[in-house]
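Two complexes are shown next, each including subunit A; its partner changes from subunit B in the first to subunit C in the second.
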Partner chain A sequence: MDKIYTLGIDIGSTSSKCVVMADGSDVVSSAIIEKGAGTDGVDIVLEKALGDAGITMDDIKMTISTGYGRKSYNGDKDMSELSCHAKGGAYIFGEVATIIDIGGQDAKVLRLDKNGQLQNFVMNDKCAAGTGRFLEVMANVLHVDLNEFGEYDAQATERTPISSTCTVFAESEVISCLANNADVKNIIKGIHYSVASRVAGQAKRVGVVPPVVMTGGVSRNSGVVRALEEELDTSIAVSEDSQLAGAIGAAIYAYESYLKNK
Partner chain B sequence: MSNVANVLGKFDVSIAELVKKYQAEGKKMIGVSPIHMPVEMVYASGMIPMGLWGGSGEVSAAKEYFPAFYCSIVQRVMEMSLTGQLDCLSGIMVSIQCDSLKALGQNIRRAVGDKIPYIHVAMAQNRKLECGVDFNETQYRKVKNQLEEIKGDFFSDEDIEKAIKLYNKSKKLMQEFVAVAADYPQIITPSKRSQVLTIANYMDRAEYVELLEELIAELKKEEVKPWDGKKIVTTGIMTSLPSLNEILEENKLAIVEDEVAEESRQFRTLVDEDTDNPIRALAKYLGDIEGCSVMYDADKLRSDMIIEKVKKSGADGVLYVQTKFCDPEEFDYPIFKKALENAGIKMVMIEVDQQMTNFEQARTSLQTFAEML
Partner chain C sequence: MSNVEANVDAKPKARDLLNKIVADHYQGAWDAKNAGEKVGWCASNFPQEIFETMGIKVVYPENQAAAIAAKGGGERMCETAENNGYSNDICAYARISLAYMDVKDAPELNMPQPDFVLCCNNICNCMIKWYENIAKELDIPMILIDIPYNNDYDAEEDRIAYVRGQFEHAIKQLEEITGKKWDDKKFEEVMEISQRTGRAWLEATSMCKYTPSPFSGFDVFNHMAVAVCARGKKESAEAFEALLEEFKENVKEGKSTFKGEEKYRVMFEGIACWPHLRHTFKTLKDAGVNVTGTVYADAFGYIYNNTNELMQAYCRTPNAINFERSADMRLKVLRENNCDGAIIHINRSCKQWSGQMYELERVIREETGIPTAVFDGDQADPRNFSEAQYDTRIQGLVEVMAANKEAK
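Moving on, here comes the complex of A and B:
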């Protein structure tokens, strides 16, 4: 019997992700690019994922877009990234009760029931503090590649306190710390705790129930994961596919939707 | 052919148009701040009460009077008063139900009190006690004197009684409209529902009653069709933001009941009729109100009232629309959230203010909520 291919496209604020799935259960191919909504990122990941899978759009039975730019893609349907991260998180990690998804400009905490269904959620306020954007701003100030933040954090000897209230204030705090010759590694550790304390506050509003996992681009930053584990006093699982959770969820929903409407 | 659209069109009137109409008719208007104000007395005086809910828009001049982190309704009303948008009013009436309103009254009096008479409406916190009703009656008598001074004419207890009966009639009709509209989510969309209910804050109440009677009659002639979306109950201070209602419509979320200050909190409680003292009846009304975040409520009945509304209306969930920096609503939220969780009712909270132009976060939250339901 022919496989049923579906496509999940997650157009975030700073990156685009695409997943081709077979029969709603196997990830055939995937692609990520650090180009988000309003760019040609979606076309690039789409081309790559389809190419790697050795198929064309004609082979795709259904496409669901998600993420901040979900409305800008003309697929079969769009769904919110929270629903898709819940679905994708359950696929990647199996049993999950709490998902922390920190993306480019949003931080969300999702609570799932025993069946993996989204039960409750909370999103960050209209504020960059506690999001990937906050980390990007700090990387620019410190002239450190964001991908190296995790390693710097691991080498820190102490944590320099950084405000979690406002990105702009935190930025001037970091500049002051640099002016006072504070160690960059310690500042980075402080920045990670700043993000973690902000997101932990959100998480406690919906209740943190283990197993806890992390999805979204910031899950690649081991420093933030460590800080969150400490703030929430629980272990947090991450996966190489964490950033793809939204696209995977969208592809699974596309499969379910295709079967329902067939 | 259906006449509903035609009747609904009569509610689609701007406040500016109404102001022009009343000016042309030579009617004076009194601005009335939220909420539970003695509008019946204004109407009895022969003047038109005009709600002061701030509308949508930027805040600039009002920043001289208020910090940035302040209730947007209050900031917008202050902005309107400072930029001459309230000059059409013959008086501005402000209550003291929350800290923000207290400051609004003082600032309006200070800033524009010399050109627009200010009417201060003090309300007793212990509104249910006899002494609280006594206090409120005394305040309302002062309000009556000020209204008579502005109007330049005396109005009687009979005039107030007549106004109470008219307003009670409109309240009953609004309750009926809410119930009937729930059967027609395809026709009475969140935008239409909001338009019908909130224009009551600005329209001559006698005219509004006629229109609403006509609308309900026309609606009832329509065939009830199955709704393929979800049903929700809304709660909060105000939900009449066009973008918010558009998002609800996009996600097929029909409002089947509400517990919103700008909407049903104003018409769910009636004023006693045929008493020998209608001003005291208005004072007692303040004590009869239950479950409103801006009225002292020792028993915190709001959550139970909403749970009851959810059960009665068959709603799938509750939308808590938090007006940014509204303390009374923020104080209620944790109690409310816990009660709904215990009752197994799904809910979502979004934050709004009247300066919002980007609703993307609200869009994501509400789409997720619709998918979750």
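Moving on, here comes the complex of A and C:
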């Protein structure tokens, strides 16, 4: 019997992700690019994922878009990134009760029931504190590549506290730390704790039940993961596919939706 | 039967009656002002029975601010107040009202300038300073009825006595300011009408317990202006009774003012996001979500049998009650109206209302197991709301409610 291919497209604020799935269970190909909503990022990842899978759009039975730019893509359906990260998180990690997803401009904590179904969620307030954008601003001030933040954090000898919640105020605080010759590594560790304490507050509102996992782009930053583990006093699983969770979830939903409407 | 006859027989629509009451209310205030009478600006939860008894005309800055915000004037007025030195952190109703006091013109809704202000802090504490500033700027008297926050579930006798003392003092002050006299007999009549209005209003809003609800929940945000400004008037009681009848008729016929299928029923917690009313409503409507419960609209229906209970009722206004009572109010709404979810407006203007919402959300989830979504917004400052963020939260909530229904 022919495989049923579905497509999940996650158009975030700073990156685009695409996953081709077969029969709602196997990831055939995937692509990520650091270009988000309003760019040609979605076209690039789509072309790459289809090319790697050796198929064309004609082979795709259903497409679901998700993420901040979900409405800008003309697929079969769009779904919120909340449901898609829950579905994708459950696929990647198996048994999971709490998912922390920190993306480019929002942070969310998802609670799942024992069947992997999203039960409830908490999202960040309107401001950018506790999100990937906050980290990007800090990377610019410090002139350190964001991809190296985890490593810098691991080498810190102590934590320089960054107490401002507001991104703009925290930026000034980091500048004054630099002016006082604080070690960049220690400042980065402080920044990670600032993010972690804010997200941990959210997580506690919805209730932290293990197993806890992390999805979204910021999960690649081991410094934030460590800080969150400490704040929440629990271990947090991450995966190489964490950033793809939303797109994977969308592709699985697309498969389920296809079967339902067949 | 000819068309003319049909029109004669047709009962007036409750909506038209309610709109007329609001229009008459403002016209009455203008007429009084033009006739040289003293006209007041009054807090929404000030005991309206007092000046209804005395035949004193007042208008409501909160109603005006909501109308200005809903018609797109919120940002202009807030900026005017900010340019006058008022902080962006202050309630947007207050900023709009303080701006109106200064510029004295708002094309969205004009009303007479005040000769005195009547403040009651049961639903809003910011109002004390807001009204004090108006009184000082315009050099007019301010009457305050202070209703302290109730740490206990019910206001005890000492608190009732405290409120009653102020009630009596307010009457004396009003007699001095306006030259009008208090009349006990008239007061009894007004109390009776006010209760009749309150009962009809609360019974009408409670009709959303039926599935489908006979009305769109956002309707009550529009109708509640009458519950605020004219609950002591016979016409209001009659209009709300007509509204109730229409809702009952809808239930009987399975009709609703909510257009489309009512797929999901939610409680909307907090004050409406007036500047973005259309977007907040349309997003829900398009997803088949009807609001079948609010605490805010019901806050203006007062039920009591005597003056002691009247004081008690004014002490039970949201924001004056303790957390347990607050939570019980919400749980009652959610259970009686079979809500599938709750939408919570974290309203930057109203810290007093929004402050307890995070804990309240936790209690709702624990006690009912329903999903909730929190969004940032503002009752009158359009700058504190993001459509994309609202949409994501609502879509997420709808997806959880859909999955819950499917699993049943």
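Please note the rule applied: the second predicted complex is superposed on the first by the 261 of 262 C-alpha atoms of A that agree within 3 Å, B and C clash if a C-alpha of one lies under 4 Å from a C-alpha of the other, contacts with A are read in each partner's own complex, and residues count from 1 in each chain.
One rule holds in what follows: contacts are C-beta pairs under 8 Å (C-beta built on N, C-alpha and C of every residue); 3 or more make two chains touch, one makes a residue touch a chain.
Quick caveat: nothing in here was measured; it's all calculated off a predicted structure.
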| item | value |
| --- | --- |
| Clash-or-fit label for the pair subunit B, subunit C on subunit A | clash |
| Contacts of A:S172 with subunit B and subunit C, given as first, second, both or neither | neither |
| Partner chain in contact with A:F121 - subunit B first, subunit C second, else both or neither | both |
| Intersection of subunit A interface sets (partners subunit B, subunit C) | 68, 79-83, 106, 117-121, 123, 125-126 |
| Parts of subunit A lying in touch with subunit C, wherever the complex brings them together | 68, 79-83, 106, 117-123, 125-126, 205-206 |
| Contacting residues of subunit C [partner subunit A, same complex] | 346, 358, 361-362, 365, 371-374, 376, 384, 386, 388-389, 392-393, 395-396, 399-400, 403, 407 |
| Sites on subunit B touched by subunit A in the complex | 346, 348, 351, 358, 360-361, 364-365, 367-368, 371-372 |
| Contact set on subunit A toward subunit B in their complex | 68, 79-83, 106, 117-121, 123, 125-126 |
